[in-house]
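The structure follows.
Note that the chains are named A, B, C and D in the order they appear, and that numbering of residues resets to 1 at the start of each chain.
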Amino acid sequence: METEQLLHFGISLFAVGALSALVPVKTFRIVPYLLSLIGSLFFLSLGLILTVITPASYQALPASSIFEFSLRGDALAGFFVITISLVASAVSVYSIGFTRNYVYAGLSGFFTNILILSLYSVVLSANLFTFLISWETMAIASYFLITLDRSDETSRAGLFYAVMTHIGTAFIIALFFILYRFTNRMDFEGMKAGIASMPTAVKTVVFIFALIGFGTKAGIVPLHTWIPRAYPVAPPHIAALMSGLMIKMGIYGFLRISFDVLGQGPEWWGITVISVGAVSALLGILYGLIENDLKVFLAYSSVENVGIILLGIGASMMFKSNGLATLSSLALTAALFHVLNHALFKGVLFLGAGSVIHTTGSGNMEHMGGLLKRMPVTGLFFLAGALSICALPPFNGFASEWLTYQALLLGYQSPSVTAKIVSPLGGAALALTGALAAAGFVKAFGITFLGAPRTAESRDAGEVPLPMVVGMAFLAIPCLLFGLFPGPALSFLMPAVYAMTGASTTLEQHGMLGVGQTSAAVSPIGMLATMAAMMIAVMLFIRMKGGVRKTVYGDSWGCGTPGLTPRMQYTATAFTKPLRIIYKRIYLPRRDIKVQYLLKPFFVKSIHYGSEITPFFERYVYEPATRFIQAVASKVKLLQSGSLNLYLGYILITLILLLIFAT
Amino acid sequence: MGYLQFLIIILFSPLVNGVIKKVKAYMQGRIGPGVLQPYYDLLRLLKKDMVVSTETSWIFKATPYIVFTATATAAVIVPVVSTASPFSMMGDVIALIYMLALARFFMALGGLDAGTGFGGEGSSREMTVAILVEPMMMLALFTAAISAGSTDIVRIATVHPAAFSPSHLLALTAFIVAIVAETGRVPVDNPDTHLELTMIHEGMILEYSGRYLALMEWAHYMKQMILFTLAIDIFFPLGIAQSGNPAVLATAVAVYVAKVTGIALLMALVESTRAKMRFFQLPSLLGGAFVLAFLSLVTHIMMGK
Amino acid sequence: MRVYVLSILIIPLFTAVVCYNIRKPRIVGYVSLGGTAALAVAAFPTIAASLSGTVSTLDDTFSMDALSGYIMALVIFLSLASAAYSISYLEHEYDAGLTNVRGVRTYYGLLHLFIFTMLLVTMANNLAIMWIGIEATTIVSALLIGLGFHKRPLAVEAAWKYIILCSVGITFALLGTFIAYYASTAVIGTEGALNWTILRGMASRLNPETMKLAFIFVLVGYGTKAGLAPVHNWLPDAHSQAPSPISALLSGILLNTAFYGIMRFVSIVEPSTGSDFTGHLLIFFGLISVGISAIFILVQENYKRLLAYSSIEHMGIISLGIGIGGPVGVYGALLHILNHALSKPLMFFASGKIQSRFGTTNIANVNGVLSSMPLLGTLTFIGALSLSGTPPFNIFVSELTVLKAGVDSGLWPVVVLFLIFVVIVFYGMLSGFGKMLFGRLGDGTVAQAVHRPGRSGAGEWLANTVMIFMAMAVIALGFKVPAVIDETIRTCVQVLGAK
Amino acid sequence: MKSWIEAFSIIDFISVGILLTAVTLNAFKSIESYVKAYTINSWLLASLVAVVAVLVGETHLYIAALLTLATKGIIIPLFLRRIVRRMRVTHEIQPYISNSLSLAISGILVAVVYASLKEGIFITGFSKDVLQISIAVILISLFVMITRKMALTQAIGLLFMENGLFLAGFSLTFGMPTMIELGVLFDMLMGVIILGIFAIQIKRAFASTDLDKLTVLKG
């Protein structure tokens, strides 16, 4: 089938899906998601055509004038289309189960279809106008999905999100117009073609605007503040879409502009991006670690992973400007691979968290525990996601992070000293991030799924309906497969990498993930095989030496005193207490302890312990800015004091000034 | 031989631990148990029944096996006496570290699964220490990897037999601290205590008994020996067999034994001369080591060696 | 042809008289709607003709080119809309006892007089007659605001300020017109010296100094009426106090008719003084308007005032477009007139419904509109997003066009300021209307649902249809400007002679 | 030709009179005197039109003069008196600016006008000063509206502005075509009536004609 036909079919499927969601029939609720599932499969094939089968760009819906809709696809777009399709299809399946008894099923179905469609059209848009329309449609749709339950709380979160993203859009519009001004074209092709005439200073401005504008959407620190507000209030399937895909649109836009259109820039661009990435990764996970709300934690972890992706991109830019094409392609491959992987495992994690919250009715880890026995499949998939996001072999996260390590370590080959030093430091940051993430997910999985249930809700919890489980499987299984066989995944993104860096390295041959320049290689499948072999061996050995032994079940050991209650378990707060102390310079924690005495100082009645950290950026960046604007506004408000005489005075003054100065 | 050298680690790691214990005993003026004691312990544990908490899930039972197999896989990756080790193509130094991380991940989960205070405490502290140690260790390894131009351990071991450049010494120092921390020894952790306030590793495996405990302990011994071997391969690989002929191998084995014993002695020395640190003093120690590793990297890049 | 043209003026007058003399409040609304429909039908050929070429009658007293046709079409469209909407609005006011039969009759009578005056403005070729028309709109609309039917002190206050400020302004406009007349008599003598077509012909020969003076007075004068800051102060009061259908007309089209006067003048002043003079003045006023209104929108507590300030903002954008000039700028401005004339009335209609439901115009006291009135809530949301310049709604397109014009002429400071202000506006709009639309009915709202929504009769149905139609137009124009509109606007651009 | 010169001086004389009557507004307090000033002002205006009509001898100027006299000189003052009586107001309350200061400012305004209207723009026409004077009248009456606090005073100020406007128009154009003049006058008449109605409304709604009460709508 022709690409155009595929495109049109896909679009119309989503459109119909969106409309069908408005049919207020309960049995009908499955339809929109079925349609979006089929639609995303159509787009998946489109993406495959664009990347694997015939990596050629095509032009559909050609634009007649500047403000016309126009879609086109190339290798980069194709890769993102594939990523979107994988997650979107899974989310569609999950939603079938989730929205069965969902109050806002109709609206959610409508806007979910719109959102997915807008994601596609963002990556496929050929010109400025199409991009902006799709971009804002995406923002609006997600805004309505965040505020779905229309409570004041969610509407505040939604407002904050909308305003942040709108500021970002302002920067994007500005940079588009700068590009247009210097290239006289409004389509990306044309901009790319005419970029040569653009002075470097202007390019730099565009680059910085791109970093800010798209960074807001991608959630780089310090523009990340909307993420931990918006995701937790969003319904799970939407949170998965937003965190898995929507913030990747920021990455896409940044790549499209700073890589594809601007081409090669000075070295410090790359270094800037690396630094931003490192800071985002570290602060993101650090702030996430101490959160006890499952979704907030996952949200922060998204910030972290965007940071990791930016590490790769920055390294690639840096190498490119140092003339190391192959290295640049390696770094970019790592980054794009991590884009795909993060979409998968963050998707499964959010869906899992959604299922958990769906059943226990609370997002707070402190209210959970022992869920693995009650929702085994969900727990298993969540564990898979956690292992992947911690980059533990043999899952996919390991593959992409390993590539990132390789790229950063090879930075010493670049001629400039800064690059030599910056890149291994990026590696160190990555290592620290990895360790922090591991701690975070031990906490997230351990406190939530292990131990004894802390509330009645989690004690009576049960497994979620089949479609939700299947939806998670859609994402969890690729997490493992792409880890074991990186080949297919890499083939999705190689054409894009080649198109943008002019070089490509074959990184994967017969099951080994290897980097030519270093002759370093890993074979996840080999590791898995070895583990399996070892497992068999050790079991046999135990059987031989130890024979069959029975297992005695009893209470956990409580220092000999019986009656250990779930409340005596280690809490999520306690788990990260050491970190709060060690990193107090970052968290700036504040604790207040109120002790009530029966008889001072011996008999304590009650001790209230409260501890909170300072939200640095909110307190020292956002709030002052807001206060300033409000203050100015309230001053300006005096202009309209209600006195007619004053108004007449304005007329007279204006007139006289004009008479004096304008004539 | 090259295929089977990982067996050295799997089989002899308890012995190394025994040796360290023995030396410590001597230094403290005791006779101490025999060097084979760890083997007896393992066998005894294998023959015992297991007591499992009713709160636990399958994670609790799976953890020992996963920990053991993951560590064993790491052992397969690291070349011991010969660089002709085909299995080490399976992974490089990063893969090795992450294999150990996988083991740690599950160990921490196992600690949380029983729902007791001690397990959680142990997991929390273990992960905290890991956060402090892992980047430092990585950085130290980066220095070696960069000077060798590869993260492949065999490559590193072959490229520079004995390059005691300043950067290497710095990196080595950092790495030794890392080993101390990772193997849960004084001053970071006390392997011989069950006093809850000081437990880290012991706290995590407190609920384990029988063969589960045996696997955990064994995995711990292996991890220790893997790290020793890694240090040897990376920082003084001189004498490691480049070819497969028996004479070379024999010498290589001898040299290896000597080196391992040396490190074991060092560990024993450190443990018996240092007092355990308070938990929240650790950042200063490990942070210092991190600075060393960082300096090593910078010096390497600046001085080119 | 002549018959058609005159019928355009006669029909509304006739309808006004008829409406004023009908004693049945339930009937009169439909009569007025019928009258407006008749007007639309009668006006169609004239408009169609004017779009293709100039239509002139009564030896050039009335002469309509594409621009007049365009504005007239808007006037008639909005008159239809608000005539249809008025029915349910007045039924409700009547049932709620806020007005009596006399009030209803007066309302409709004045409404059609108002329409008549605006039509007069669009048709006049003679600048003085145009002035008369604009002055007449002030008088009639002042009555609609202040006396219309509910005699409330605030309405009187608003009307007083409105009439005083606008009369003062309009005086200056006439002075400017005189000066222009003087300049033209100096060239061609008294005959036809105020005919726009003639002036346009020999504009380049006029004395630049004189024309500058004339333009300053005209700009301040008509600018007051068009609600350009800093002489906009009557606007928030009047718009917030007028009955919603009238607010819709005021901000949807009345402001534009005043600005229409400015546009006419620009195109006869430019050739002699050079486009920089007029351009800079308009940009100056435009930026101030957008900036001031943005700040007021940010801290606004009354949703009708919020909408009023948003009108100031959009008039500012239009003036920016004209000021930046060039085909693109003028195109953007004219397109923006259309888009604003769709979105803003929609919002005023919707806010009228909200007001009659909650009995307050205070944002803080309105809550949960979406959950209690889904359709209305949705329409309001579409309007609000469109007004805040968000794609995929229509206003975004024209704003982008104006921006593009600014970029084309390299006015970076203007572009940057504009973007900043637009973000502020977005924040203000969304926080205001978000607060009203979200939440549950009853949380934090003091005055709660004082009146039940009016009997959902034909009136309600009509009002909803109108609003839905406008909302759909808002969305459709956001994706594509239909060929016919595109063509019309291009001809208008030529009429204004933008180079 | 000589008669022209005299005419000039006559016209200048009258127009200066108009300016003075406008300036006096700053000095007065009682509404009555405002209305008187307006009446005089309008008569002067009408007489000026008449003079020009005599000089130029165009019929429509005679009509214009009559119309002016009828509306501005007779109808509107009568109407104003009625309003004043109905509203039972006699004196303007203390204005925002003291009389002496406002007199000074009026002077400044006149200066501004003379400065801003460049010489040589208005070479033709029958007087070089009348335009300046009329604009000055307009600005001064606007200034009066700014400083005064009573609804009625503002209405009168507006009327003064319109007189100034009329003067300006006349001096620039020898009078517009009759039809337009009719329209303009009609509009103004309407405007005045509406103003009167509203002034009464205000009195009724706010129990006062003091504009300080009219500051409810703000922000």
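Methods note: a residue touches a chain if its C-beta (ideal position, glycine included) is under 8 Å from a C-beta of that chain, and two chains touch if they have at least 3 such contacts.
Quantities reported herein were computed from a predicted structural model and do not represent experimental measurements.
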{"item": "Central subunit by CA centre of mass proxy", "value": "A"}
{"item": "Selected pair, greater C-beta contact count between A-C and C-D", "value": "A-C"}
{"item": "Computed distance of Cα centres, subunit D from subunit C, in Å", "value": "31"}
{"item": "Subunit A and subunit C, separation of their C-alpha mean positions in angstrom", "value": "45"}
{"item": "Between subunit B and subunit A, distance of the C-alpha-averaged centres to the nearest whole Å", "value": "35"}
{"item": "Where subunit A and subunit D are represented by their mean Cα positions, the distance between them in whole Å", "value": "70"}
{"item": "Touching two or more other chains - residues of subunit C", "value": "160-161, 164, 168, 172, 209, 213, 236, 296, 299"}
{"item": "Multi-chain contact residues (two or more partners), subunit A", "value": "637, 640, 644, 648, 651, 655, 659, 663"}
{"item": "Of subunit D, residues touching subunit A in the complex", "value": "96, 109, 112-113, 115-116, 118, 139, 142-143, 145-149, 154, 211-212, 214-219"}
{"item": "Subunit C - residues contacting subunit A, complex", "value": "160-161, 164-165, 168-169, 172, 209, 212-213, 216-217, 219-220, 224, 230-231, 233-234, 236, 277, 281, 292, 295-296, 298-299, 368, 370-371, 385, 390-392, 396-397, 400-401, 403-404, 407-408, 410, 415-416, 419-420, 422-424, 426-427, 430-431, 434-435, 437-440, 443-444, 478-481"}
{"item": "Residues of subunit A that touch subunit B when the two form their complex", "value": "369-370, 372-373, 379, 387, 390-393, 398, 402, 405-406, 409, 412, 417, 420-421, 424-425, 427-429, 431-432, 434-436, 438-439, 441-443, 445-447, 449-452, 512, 517-523, 526-527, 530-532, 534-535, 538-539, 542, 545-547, 549-558, 564, 566, 568-571, 574-579, 581-582"}
{"item": "Interface residues, subunit C side, partner subunit D - complex", "value": "126, 128-129, 131-132, 135-136, 138-139, 142-143, 146-147, 151-154, 156-161, 163-164, 167-168, 171-172, 174-175, 178-179, 181-182, 185-186, 190, 194, 207, 209-210, 213, 236-237, 240-241, 296, 299-302, 305"}
{"item": "In the complex, subunit B residues that touch subunit A", "value": "43, 46-59, 65-66, 68-70, 72-73, 76, 87, 89-92, 94-95, 98-99, 101-102, 104-105, 108-109, 111-121, 123-125, 127-128, 130-135, 138-139, 142, 145-146, 149-152, 155, 206-207, 210-211, 214-215, 279-280, 283, 294, 297-298, 301-302"}
